[in-house]
Amino acid sequence: MQLGLIGLGKMGGNMAARLREKGHEVVGYDRSPDLRDVDTLAELVERLPVPRTVWLMVPAGKPTTDTIEELAELLAPGDLVIEGGNSHYVDDRRHAGQLSAKGIRYVDAGVSGGVWGRQNGYGIMVGGAAEDVAHAKPIFDALTPDSGGGYVHAGGVGAGHFVKMVHNGIEYGMMQAFAEGYELMAASDVVDDVAGTFDSWREGTVVRSWLLDLLVRALEEDPELEGIRGYAQDSGEGRWTVQAAVDHAVPAPVITAALFARFASRQDDSPAMKVVAALRNQFGGHAVTKSTGDSA
Amino acid sequence: MQLGLIGLGKMGGNMAARLREKGHEVVGYDRSPDLRDVDTLAELVERLPVPRTVWLMVPAGKPTTDTIEELAELLAPGDLVIEGGNSHYVDDRRHAGQLSAKGIRYVDAGVSGGVWGRQNGYGIMVGGAAEDVAHAKPIFDALTPDSGGGYVHAGGVGAGHFVKMVHNGIEYGMMQAFAEGYELMAASDVVDDVAGTFDSWREGTVVRSWLLDLLVRALEEDPELEGIRGYAQDSGEGRWTVQAAVDHAVPAPVITAALFARFASRQDDSPAMKVVAALRNQFGGHAVTKSTGDSA
Amino acid sequence: MQLGLIGLGKMGGNMAARLREKGHEVVGYDRSPDLRDVDTLAELVERLPVPRTVWLMVPAGKPTTDTIEELAELLAPGDLVIEGGNSHYVDDRRHAGQLSAKGIRYVDAGVSGGVWGRQNGYGIMVGGAAEDVAHAKPIFDALTPDSGGGYVHAGGVGAGHFVKMVHNGIEYGMMQAFAEGYELMAASDVVDDVAGTFDSWREGTVVRSWLLDLLVRALEEDPELEGIRGYAQDSGEGRWTVQAAVDHAVPAPVITAALFARFASRQDDSPAMKVVAALRNQFGGHAVTKSTGDSA
Amino acid sequence: MQLGLIGLGKMGGNMAARLREKGHEVVGYDRSPDLRDVDTLAELVERLPVPRTVWLMVPAGKPTTDTIEELAELLAPGDLVIEGGNSHYVDDRRHAGQLSAKGIRYVDAGVSGGVWGRQNGYGIMVGGAAEDVAHAKPIFDALTPDSGGGYVHAGGVGAGHFVKMVHNGIEYGMMQAFAEGYELMAASDVVDDVAGTFDSWREGTVVRSWLLDLLVRALEEDPELEGIRGYAQDSGEGRWTVQAAVDHAVPAPVITAALFARFASRQDDSPAMKVVAALRNQFGGHAVTKSTGDSA
């Protein structure tokens, strides 16, 4: 089928290539003139047959919201927008409402797979009305692995990004579990071969996983991780998962602990621990470590 | 080679079978007359060529300690004991010391793989002196997968059980991460197909893993887990991991949170939360929920 | 000075009484005809001298928002609204913006002290512009303790409710710390006199505090808390504190753990722990505890 | 009564002074010749009337164990040893067993109060047999506050140190709760007067406590804690509390989180977070922050 694709960066560009290989026609737009097939969104809309299907693959937040607003003016009733970026599921509902007022349909799709996706296929998690999802199914089929796996229609609008968010929250917890195990083995005077231990776990054990494979690869490159600082960003989904858990009164201690460990990793000095040190000094006369001028 | 194997339960029996299939001679002893080849440990020791190799596969704690003490009387200098049960690594060191006083050698081996091990091979994590480990290498080779993986000599005595312990701690954290993700999806009004979502993650995603495969299988059998209570035992290694982390001043918030979640799952009522409820009642006049007579 | 007070429930009614005792004139409105001095907000507005000062003491969320909207129509430029309920600080900013568009001033006030406040004075935490806060200072002086303490102008609009929210988050952590200590002492076979131990801590120790006093009182009434279920509600501020911490990338493991413990206390069965039990069953053949029909 | 006191450091010296002021006769021994009344433990034992009462106030661990062993040789059946240091409660039981074999009695006493204790009295938490505790009661009465509070006989041998340990665990949780609240207020763009906010909480609020008083004092001296690094030691009792919680299957997420925050505060770089950063780099191509040569 024919698809308009907005956003031809690393992810969008690879997806366009895979879709074309699978026989779909893609009309691409990007801010960068070098990447795009058409020069304006209006031209993209003109080039597509009615009802149009347009996939958004631009950064979450304002860029996505702005594009949705522009499309609301350009598209016609019956057209379909698929938001494939990393939107928050609450924003999906707002976007869908804006478009629905004009008769435009909306589906959200969480996409995973990164740089391997073009060749191996992407994991696609979709939210939206059944008929809208069915309309776009040939696109999803082309993007997901040839095995037929890696696809779910998880629920109504927002469900695709919701489950992608939860996926990332789980990922945070799994990574932190391996990380704590690594640190404990490295800190002990017991284990001589930490890297070899992880490698041995790749077969026959309960913890075997893709993340373990990646950890073994990282330790092959740098067995004591000397070249890497213990500094980890977070990309938003972990925060949203914790906030959704709090909203739904779901205890999520592991995912939250993993998120907080990332927050702490980015602090040069911890204001909270200044308080603890100050209190110990007050009641016990415990010496405090003086702050150097530039670390406060 | 020839091996004495003490403990022919589910694990030990399967291991004996695999070893025999691989051409080793196993003399087995068990408390149960139906399972054993010899009727006493003394007879087992008599039947083995010098220097003897004896593998223990009995429950951790007193059964293992008692057997070690009995073997200390029966074995001769140069003989080798391999402790393959779930001993705490600190106990390994004590056991090794006891045997070393008599010139008997000691190796500890963490074994994973459960009921699949007989066919697929076991993961084996070994601790001990290099020459002692080398002596038993043919046994380890027979037990591990035919691929050559699943084996590590992790360090000195105790290292095998230490890394097995850490493996299980990581496993706790991973399981809890999936569990929290499940609960959040189930609690939301957003996700219609939780089981299908997990299934879709088996390809192309960051969280793909054997535990995910097992979760999908469990959800196929019982999509809302209605037949299972949220009640989880712990087998000791999780506790030891947390205590080792505390001993080594290693922050392990994820593994610990997973352990505490299991503790809480086994409580009919939480004494701690009684205190919280009582305090809220004291300062705010918040109503307390009366305990029924039998739940305290 | 003269003050309009909207909401004459337990808190508002006591505050009105204290203000009158201190010589202020209070015109009160409440939904309940039995409690109110005037029958409509319009009448309340008419009765106040210009510029008017109106204190809101109604439930957070829709009731507060609705009242703000009604006041926006009734009040005149230069009038001052003090929101003394438990609003979220983000809502304060929205409310202030709505009123500001009509020239109406806005101050938020977090109020603590519960039923003891009428006699002992309330803790008042205020957010708003300096001149607006100064205008209402006689009211704050009358409400706070006679000692002169218990008052802070914490920052601009929203700051009063923000620090009240943080106060409650800290309170969650402190309560849970006592609760865990209680449970550990009660679970051990070591401590014969748990209640007496808490009582002894009221003098000379680091943990002496009002919450400890309350806990001792609760244990005097019911030494093993047999009459209270371990079931704790949360009133919103704890959730907001965690969400604000996540928004600001502040690690808040203690406050969050206290909140999650409350969530868990309200579950008959834990969906997350069903997953853990199901996984243990899958990989280890560990028996699961069957759910009874009504607990799922 | 007459008391032998071993260990005349800051704590022991002040206690001796308070006991003498209250009319007791103290024979003191210390490693330092300048502080002691007698030059050997043998001389101390000789100087005391039978049955002798000897209070130990030496560092926990080997110094205490060595002194116990020496006293086991010097004392006679019916004599009483009071261990007032910071022993682990499990060690108390071992010590009591060693002495009991010689007919010597044993009581453990957790002591709190620090430098204020000499003047205000100490909090004393006692474990031991009723008749042994009764024998030493005049000493406890002299050490505790004149009000009659601050004393508990918590249970059998070990109970005194057990409840002192739990007291310190609770203290960890409370301090961390205040610390997180501080950091959140400081991190927000909402609160202009953090120190003033804490000060205002000293009256009328739920969080009022001695720790809050100390925090206000610390903030008066250094309003943004610029001179203090966020680096906090732990003294052992927090670790023991967590390990006891794990032993007793008691969920203790708050106390544990507070302990782990201290561990993390002492790390220049986090090995665990190196793993998280390495994994993000592996699967997402996320840039890692290079470690500088000396921080690994």
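All chains are identified by letter, namely A, B, C and D, in their written order; residue positions are counted from 1 within each chain.
Just so it is clear, a contact is a pair of C-beta atoms (placed from the backbone, for glycine too) under 8 Å apart; a residue touches a chain by one contact, two chains touch by 3 or more.
It should be emphasised that the depicted structure is a prediction, and the values quoted were computed from it without experimental measurement.
**Q** Starting from the Cα centroid of subunit A, hunt down the chain whose centroid lies farthest away.
**A** The chain farthest from subunit A, judged by C-alpha centres, is D.
**Q** What is the Cα-based rotation angle between copies subunit A and subunit B, on a 0 to 180° scale and rounded to a multiple of 5?
**A** So the copies are related by a turn of 180 degrees.
**Q** Find the geometric centre of each of subunit C and subunit D from their Cα atoms only, then give the gap between the two centres in Å, rounded to an integer.
**A** It comes to 34 Å between the two C-alpha centres.
**Q** Roughly how far is subunit A from subunit C, going centre to centre by Cα mean, in whole Å?
**A** Centre-to-centre distance between subunit A and subunit C: 36 Å.
**Q** Can you list the subunit C residues in contact with two or more other chains?
**A** Expected reply: 176, 178, 180, 183, 187, 206, 210-211, 249-253, 257, 260-261, 264, 270, 272, 283.
**Q** Okay, in this complex, where on subunit B does subunit D touch?
**A** 206, 234, 239, 242-243, 246-247, 249-253, 256-257, 259-261, 263-264, 266, 270, 272, 283
**Q** Looking at the complex, which residues from subunit D come into contact with subunit A?
**A** 114-115, 175-176, 178-180, 182-183, 186-187, 210-211, 214-215, 217-218, 222, 224-233, 253, 261-262, 264-265, 267, 269-286, 288-292, 295-296
**Q** Can you check the complex and tell me which residues of subunit A touch subunit B?
**A** Residues of subunit A touching subunit B: 89, 112-113, 116-117, 120-125, 127, 144-145, 147, 149-156, 158-159, 162-163, 166-174, 176-178, 180-181, 183-185, 187-188, 190-193, 196-197, 199-212, 241, 244-245, 248-255, 257-258, 260-261.
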